[in-house]
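Note that chain A is present in both complexes that follow, paired respectively with chain B and with chain C.
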Partner chain A sequence: MIESAVFGLLSAMILVPAILAVTLKNIFHCALWLVVSLTGVGGMFALLGADFLFVSQILVYAGGITVLLLFVVLLSGSPKDWVVKQVNAQWGWGLILTGIFVGLLAALFRKLPAAPVPNPSEPTTARLGLLLIRDWVFPFEAISLVLLAALIGAVHFSKRDKTSC
Partner chain B sequence: MARGPWTVTGPWAPSQSAESIRRRYISSALVLAAFLLPLFVLTILVGEPDKYFHQAHGFVTQWVANKGGPDWIGSAILIAVPCMVVLTLIQVLPIFLVWWEMKIAAHIQVRLGPMRVGRFHGVLQTIADGIKLLLKEDLVPAGADRWVHFVAPIVAVAPALVCFAPIPLGHAGLAPVGLDVGLLFVLGVSGLSVIGLLMAGWGSNNKYSMLGGLRAAAQVVSYEIPRVISLLPVVMWAGSLQLGEIMMKQSGAWAGFLPKWFIFYPIVGQISFIIYLISSIAETNRTPFDIAEAESELTSGFHTEYSGMKWAMFFMAEYAYMFLACALGAVLFLGGGNPLHSSLGFIPSYVWFFGKTFFLAFLFIWIRWTYPRLRVDRLMEFCWKFLLPWSLANVAVAGFLFLLRMR
Partner chain C sequence: MLGLTGYLLVSAILFSVGMFGALARRNVLGILIGIELMFNAANINFVAFNRYLHPGQPWGQGFALFIIALAAAEAVVGLALVLAIHRNFKTVLSENLTMLKG
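Right, the complex of A and B next:
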């Protein structure tokens, strides 16, 4: 009973700020609502017993990425962005298609067997570590290579051009 | 006439005679000693508090079950009481820490600091300050974004309180929650406070606040990286992220006298500790890393436009983070609640924990009042070009030593 109440609260905490994040005009407010939504996702992980995912969600998304986002908004945002409309003429069609997609997803989830409920008191970190570093070490290293390439690319593009100045 | 630290001259000279002030000083000192000494003896006689808590909890659960009450009351007590204890502790501690900082700063600068309130060395100074802050007018700038301005102090201070959940305040059983990912939890949730600083900077609609918020975000995000990497060797040697377990791994001693605290591990421990100390000071925005609120450049950065209790909440967040960094340092590097030597085991573990934490807090304050402020670009260079490479090299050295031990 308590779990479903917490689930409802967390769902509201994810959905309402997510809608506000895409509809509000003030981009700083949008970014702040996004933080609330991402924290709610972290809470959902915690409810399902995925403690490591919960902490990584907070650490990476709520604490890291959104701070960078807010940082960019502070540096580049200006009040004239607030009068720009958030949607174009096709928002009605977009809404209908999204509704159909959500309906299909709901129908699909009805057909699927219920997922096994994990034991929330069991820690997951050690098992996750073994899976990542021992069983799936090659895909893990491949992904880290992709991230390294992105990092080097970012450094390359942000380096001051010697010819222009 | 005897001149001592209680003698005040000039226009602030008290109306009473020096002799009566001296008498009041000594009598207050005696009252304090009469209060603190029995308290210390009592802590040693009582020992670890958690066994009494578990007895009381068992008794209450039994009583509720006998009366036919619901069984969730027992677990609610088990969660709520430690949380309330920790919350109260964290909210009361800044009162003491601020007074301590004022006194240490004063003595480093060859002054006396607060001497009047509370008669003995101004022990009640911060309580008077708190009452003053409560009574102050709450100002909101005309051009401010009201909601962002209002919520910012809450966002800044709330993660600081949540962070104390997995920290063992003594032996491993004294943690409110024995979280398996405790260390990551503390590091992750403490990163959320930056959002509060950015909100304060943006919501105040003030250029100094904005600059302060930007600087705070850049600094905290940058120094978070060497801080986390400097803690990796600790996790590697302990083989766990749970703070209680990391602390337990540091019990015992080498050769009978050198405690197995992580700071005494050869090379790795010392480098880790120094990088952790430096980047923790930077994380809490304290001098020499206080460019976010540099008083002489930005008036006071992101909290320029705050007054009264809202300002006090930023202040509380800063001290709570300082205490958090010290507590984490004590648990990870100084063995938490483990005694210095097994013959000193009769002193309860939480006394050891708080002793080590306050020692680190003293170190923080000492550094703050000794070094001048770094320039913005040098601050970033110091983080990215010095701390980060050394912390990465430290992880490599730790791995090498680990391999040597395994062979």
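Right, the complex of A and C next:
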């Protein structure tokens, strides 16, 4: 009973800020609403028994990516961007397409067999650590290379010009 | 309502909201916000399937962890590109970036 109440609250905390984040005019407010929505997703992870993912979500998404996004909004935006129209000419088609998409998915979910209710979950951090270091060690190292490449690429793209570096 | 179907429904709606943002926004930063929402919807799906269909196994959560890391890399490179676009074109609206149109 209390679980479904928490689920309803978290759903509202995810979906309402998400809708605000894609419809508001001021892109700074959009980024702030995105923080609320991502925190709600983290709460959903906690409700699903994924404690390590909950912490990662708060640290990486709500803490890191959105701060980066706010920096770029402040560096690249001008106040006149906050009063112009925010949707392009095809927004009606986009709305129709996403409506059809979510309708089809909802119709599909009605045919799903009911999944059994799982047992109370146990802490997952030890299992995930073993997974990363033992079973998936090669993808783990590969993703460190990807992150290094992203770091170098970000420095390269945001460098002012060739002489000032 | 609660159960696997509820989680899948929330995730589907979140994905659609993000898709609408990525399709309909003019601002490049708005498109990036939509893409982040889509990543998160996929993560909810992975963790929910992990919890309900394979409880006690770490695979779905591990995959979601990798998605978070890749989304961080994507956001860093994307935002650096937005900064470069703003410096060169003095705009962040996507329909003004018509350099390849000839």
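Annotations
One rule holds in what follows: the second predicted complex is superposed on the first by the 144 of 165 C-alpha atoms of A that agree within 3 Å, B and C clash if a C-alpha of one lies under 4 Å from a C-alpha of the other, contacts with A are read in each partner's own complex, and residues count from 1 in each chain.
The rule we apply is simple: a residue touches a chain if its C-beta (ideal position, glycine included) is under 8 Å from a C-beta of that chain, and two chains touch if they have at least 3 such contacts.
Small disclaimer: the values here were computed from a predicted structure and weren't measured.
If you put the two complexes together on chain A, you find that chain B and chain C both fit without a clash. In the superposed model, more residues of chain A are touched by C than by the other of chain B and chain C.
In the superposition on chain A, A:P123 contacts chain B only, with no contact to chain C. Shared-chain residue A:M13: touches no atom of chain B or chain C.
With both structures placed on the common chain, the touch criterion links A:A62 to chain B but leaves chain C unconnected. Using the contact criterion defined above for the overlaid structures, shared-chain residue A:F101 touches chain C, although it does not reach chain B. Looking at the shared chain after the overlay, A:V35 reaches chain B, while chain C stays out of its contact range. Contacts of A:L70 after superposition: chain B is touched, whereas chain C is not reached. By the touch criterion stated above, A:F52 is placed in contact with chain B and with chain C alike.
Chain B and chain C never share a C-alpha pair closer than 14 Å once the two structures are laid over each other. The intersection of chain A residues touching chain B with those touching chain C, taken from the two complexes, comprises 52, 56, 64, 68, 71, 75. Across the interface of their complex, chain B is touched by residues 28-29, 32, 35, 39, 51-52, 54-56, 58-59, 62-64, 66-68, 70-71, 74-75, 123, 125 of chain A.
Of all residues in chain C, only 1-10, 12-14, 16-21, 23-27, 29-30, 32-34, 36-37, 40, 43-44, 47-48, 50-53, 55-56, 58-59, 61-62, 64-66, 68-77, 79-84, 86-87, 92-95 touch chain A in the complex they form.
Touching chain C in their complex are the following residues of chain A: 3-4, 7, 11, 14-15, 18-19, 21-22, 27, 30-31, 34, 37-38, 41, 44-45, 48-50, 52-53, 56-57, 60-61, 64-65, 68-69, 71-73, 75-77, 81, 84-88, 90-91, 93-95, 97-99, 101-102, 105-106, 109, 112, 114-119, 121-122, 124, 127-128, 130-132, 136, 139, 143, 146-147, 149-151, 153-158, 160.
For chain B in complex with chain A, the touching residues are 145, 148, 179-181, 184-185, 187-189, 191-192, 194-195, 198-199, 201-202, 210, 213-214, 217-218, 221, 241.
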